[in-house]
Amino acid sequence: MDWLGPEEWQAVRLSLRVAFWAMLASLPPGVLCAYALARWRFPGRQLLNLLVHLPLVLPPVVTGYLLLITLGRRAPLGSFLEGLGITFAFHWTGAALAAAIMGFPLLVRAIRLSLEAVDPKLEEAAATLGAPPVWRFLTVTLPLILPGLLAGAVLSFAKAMGEFGATITFVSNIPGETRTLPSAIYAFLQVPGGEASALRLVALSVILAMSALALSELLAHRIARRVRGA
Amino acid sequence: EEVTLFAAASLKTALETLEPVFEEATGADLRISLAGSSALARQIEQGAPADVYISANPDWMDLLEGEGLLAPGTRKDLLSNEITLVAPAGEAPEIDLMSHPELPKILGAAPLAMALVEAVPAGIYGKQALTSLGLWEAVAPHVAQADNVRAALSLVALGEAPLGIVYATDARAEPKVEVVATFPADSHDPILYPIAALAENRSPLTEELLVFLTGPEARATFEAQGFTWLGD
Amino acid sequence: MSLSLRLRHSFGSAGLDLSFEAPPGLTVLFGASGAGKTSVVRAVAGLLRPDEGRIALDERVLFDSGQGVDLRPHRRRVGYVFQEPRLFPHLSVRGNLGYGRRFARAGKSQDFDRITDMLGLAPLLSRRPGALSGGEQQRVAIGRALLSDPQILLADEPLSALDTARKDEILPWLERLRDEAGLPILYVSHSVQEVARLATTVIELEAGRITRMGPAVEVFSDPGFTPSGTREAGALITARIRSHHADGLSELDAGGAALFLPRLAQPEGTELRLRLPASDVILSRRRPEGLSALNIVAGRVVSIREGHGPGALVAVETRAGQILARLTQRSVSALELAEGVECHAILKTLSIAPGNVGSG
Amino acid sequence: MSLSLRLRHSFGSAGLDLSFEAPPGLTVLFGASGAGKTSVVRAVAGLLRPDEGRIALDERVLFDSGQGVDLRPHRRRVGYVFQEPRLFPHLSVRGNLGYGRRFARAGKSQDFDRITDMLGLAPLLSRRPGALSGGEQQRVAIGRALLSDPQILLADEPLSALDTARKDEILPWLERLRDEAGLPILYVSHSVQEVARLATTVIELEAGRITRMGPAVEVFSDPGFTPSGTREAGALITARIRSHHADGLSELDAGGAALFLPRLAQPEGTELRLRLPASDVILSRRRPEGLSALNIVAGRVVSIREGHGPGALVAVETRAGQILARLTQRSVSALELAEGVECHAILKTLSIAPGNVGSG
Amino acid sequence: MDWLGPEEWQAVRLSLRVAFWAMLASLPPGVLCAYALARWRFPGRQLLNLLVHLPLVLPPVVTGYLLLITLGRRAPLGSFLEGLGITFAFHWTGAALAAAIMGFPLLVRAIRLSLEAVDPKLEEAAATLGAPPVWRFLTVTLPLILPGLLAGAVLSFAKAMGEFGATITFVSNIPGETRTLPSAIYAFLQVPGGEASALRLVALSVILAMSALALSELLAHRIARRVRGA
């Protein structure tokens, strides 16, 4: 593909890496949050629910700004984490974090909806067979929510591929480090005559997201067929 | 070796032309982070790894200077620009900016495209100019504010807005618009793009980059884009 | 091991309020639709938290509202066959069967083959539940519960979706479980035949309360116990196999009286329990002759209980134990039956169907 | 109205290949778990599209793979009681019952009360399915299907979750449906008693094929028809009510022979069908006396069929029709029974339980 | 609340109006798309799926730009619609459209997940009772997917409250017409010292979204209780 310059290739690779890790890293906390919201009644449940949805409600720039002032290198939490060797500020991991946070509400909702549809009778059956809660979750609930998990993952991945406002505000737009496809597209759109180049990158990111989408549909189809019986 | 430049996104074309020239000359890797001036300034406040910063307005530079984040003595006004009234190519009306009533009449119900008039420099300057010309009150209800000047230009280029206020450099780069009039320089604050090295700069190449960006090659490139050179 | 249970629970309008002691063996919960059978079973499994009460397996307290004990379901070690199959749709039949084995104390792998064979599951092992018929699903559910090595088996109408042939294959296995494993079984059933065959103890529920309870033999010999109408009455007697005859009959000794039954599987000497359906017993004042019925036992009428209908339940004390006969009142008077009258009870050999024979 | 069906379908390993004509009345599909009963019913309802075949209700073609006809399920006007209740969880019991009425041709509102009464649903009308017991749910499902005013009723083990008392209340209603409404009913059941009582036609399936089929009276009188073992054999005879006696008995006339049964609900003159379970019939060479059994019919042995076990099925031709008796081979030889031998069949009045009496 | 100026009140009212209509108007096509994706197999299914997800994948500015060039006053489709009296350009309805489109993938996924969890056995039962497909859908499927519908609606509403990039690109920022809360917040963040004012508006929009969220949870809880039986 010689229609892409090396910088653009870099942006593609970086976007994929960011989106992949954003998706992967948000799965465990996503499942946990979804489970807590779907199944537990605890004080602060509404607060957690709000917190999860916050990135959806806030303009992305605000989310990025809040991330910057809490996890920036000068911020107390940010510098504490940096002391532990965990750097987000101006690092691709920060881009992944921003993307993960922006996609989190989508992930959690998808998983939560699936969880609410799991027949509690099956979990009861597993309990009477001696399975402790965690095992029950892993062997009954989790397989049954796989479609939701997959849907959530693909939403999270797609969102991460498109996320721009929070990312550029939090970790800037540094080539090779934090310049993802959307940031590159943004930069093209800032100058007159950049539309053509921008649209080329847009097409690319659509192709990538489409592949992820098609893959997830394929997997979901397999799972559904397995569960319906064959 | 790397050196990192934080620059307002509207400078993209010029800076990307200069990038390989600098890299060739020094053998270094120049990384240019392009974003809104406000975002970049806040990131610098938070310790972003920037060595040099070019802002699209003096306010953000003032802020950083006030916080002592600039390397002393390196701040300098690099470029200047003008704001112009543009219309879609071939549809430019005759307007004399000095005689008030025409602008609102031409607009009718259609919008006047500008950048955010309270927040984005091009919008702020535009509002100042219209105010000092006594036109603001009349056009204010029709102003469609975009989040950046480039988006305002798009509105005109697409014909969605019959008129817009953008930088002269933008008007020049976009063949689908035509300049109707240029606002008098004294109708608004001077349009300045300051440059400075940062106190916490980490690259030994910082000095070289500053020199390069204020040097003749840079000047030629910026001027070719329509900027007024203040860098010497 | 035995189960002791006391509980009170209310569901708005309906409610439960009962207490019983289920000794080792099989305890049947009997009663009309909506009587509360499933609710009791769920409480034992820990799936329904009673408002108040205590549930214990010998010393092991599963629930005690007083002491605040409430063991989680997975710690109760109950095997539960639900009223509907509840198979895991994402697992194959094999996966379903194996699910509980991981938590079973003893990993008895020979059980797997034995149980799948008994339930006819071998050809289905790699199927998914979605591709099974209703009866096939219920068989898998039974196997799954059995293979989890429970300390008590809860079975809520486990056989109602199965055909007679399959029931007949499974029943002996449940008997063996009951007798050999010392596994208490709490069993919900509507089938008098199943109950009579399997039950050690019978508990009859009505609207959440116990209306009758006791050892199966006693309950069934009680002319007042007329589950779903007198029609299904029938006494239980115990007998020992004396010998197996060459013509396919087994001769039993019931307190000295000889009874002939179709060849039984158990070896000579085995103690068995027989249910003699009251409506299958014919009484005669004289010893009848030339009849095809082989079993004739002499006795004395101990009570006659007339119902609302045209029938009467006559209890006859014989050497074999108390036998119930259901006659018309017309016959009662024609034969001049009364307390203390001597008579003969006639039983067809083949009336005592396998369904009515249970071990011990 | 009658159903004609021919279909071939394969499920990978298993498969269906059968064709039958179900005349008006109730046709029972009988067969072991996994035989294909539910699949046939689903095909009639349009929920399973057979690979090939034709299904028609009189002239109305529901499915014809040749002509490419495949009526959508909602246009077939079938009432389907599924093997599991399948109630709508978001609707109350009343909402569930009323669901199909909107599409019913005739809005018979008196039916609603009659059916809810019969099924004992009145106190449950405002409940949600989630708060019902298993049997209560199934009753609602039956009511829902009946209230949709179907042209054919499909019932897949509709009564297996119900207790005997409730069954006895519902069975007469099904009989009435069968007889009065002219509604063909395709009925899956494992219960010989239910089948004998209700069936007009019996179809036995095995592994997706028909192994036996015919009018119930014929099929049940055939000594070869031994659903789930000879134990459940039993002939069907027809009789007319002659008079109701004051002592709670009804006298019937079966081809001239008098039979006494517990008081029947039907008026004098009604034609009835009785199932005489073979294992309840005693044979005697001499006319016995002094027995509590009131029904003694003379006849002549027409065939003796020995099974694998110790038993034999003896068919006796009597005035009342052909009767089957299940005896031990020992008795057969003791009584010197053989084809052509005269004998007496003894039936207890109360052996002919309501479960064995069906109208017409 | 005198801490809000009249212009800010205007932005609040506008944002609520935009979010409400965005949510409401996207429900019917959302249900349709979800149904098609969950239940039908047709050529172009993958394309529809991609199209629905597109706003997630694309940087919002790009979505806004694409809207502008298809529905602007000069664009063929836009001027055609304007002829019918339907105006989106520089109008609050355009803001609602942009918000609806940005929230559409979230809405569709939520509904689709619920749909996939509906037991087809219940629809079969409804069919045998004579209910034609549409009626079946309205009386069985729809009530059973209410939780998903609600979740989707709340996601769509929340997204609409936070949407900024596509909106400002498509309909600009005209006070009283298209100046939603996020646009106002963005403007504050562009000037040094504007953070405090921005955060005040952020707090406001969080409160509004929280109320919507709490309402939806309450409704969902009611529905769940009704379905489980009471």
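As written, the chains take the letters A, B, C, D and E, and residue 1 is the first residue of each chain.
FYI, a residue touches a chain if its C-beta (ideal position, glycine included) is under 8 Å from a C-beta of that chain, and two chains touch if they have at least 3 such contacts.
If you're wondering where the values come from, they're calculated on a predicted model, not measured in any experiment.
When each chain is reduced to the average of its Cα atoms, C sits farthest from chain E. Centroid to centroid, with C-alpha atoms defining each point, chain A and chain D lie 60 Å apart.
Spacing of chain A relative to chain B, judged by their CA centroids, is 34 angstrom. Rounded to whole angstrom units, the spacing between the C-alpha centres of chain B and chain C is 90. Here the CA centre of chain A is 57 Å from the CA centre of chain C.
In chain C, the positions touching at least two other chains are 131-132. Taken residue by residue, chain A touches two or more other chains at 61, 65, 186, 189, whereas all remaining positions touch fewer.
Pairwise chain contacts in this structure: A-B, A-C, A-E, B-E, C-D, D-E.
Listed in rising order, the residues of chain E touching chain B in the complex are 61, 65, 68-69, 72-74, 89-90, 164-165, 168-169, 171-174, 178, 183, 186-192, 194. Residues 45-47, 72-74, 76-80, 82, 86, 88-90, 99-100, 102-104, 127-132, 144-145, 148, 154 of chain D are the ones touching chain E in the complex.
Of all residues in chain B, only 36, 38, 41, 59-60, 62-63, 111, 113, 116, 118-120, 143-147, 151, 154-155, 158-160 touch chain E in the complex they form. Contacts from chain A toward chain C in the complex involve residues 121-122, 124-133, 135-136, 139-140, 143-144, 226-230. Across the complex, chain E meets chain A through its residues 46, 49-50, 53-54, 56-62, 65, 105-106, 109-110, 112-114, 116-117, 147-148, 151, 154-155, 158-159, 161-165, 182, 185-186, 189, 195, 198, 202, 205-206, 209-210, 213-214, 217, 224.
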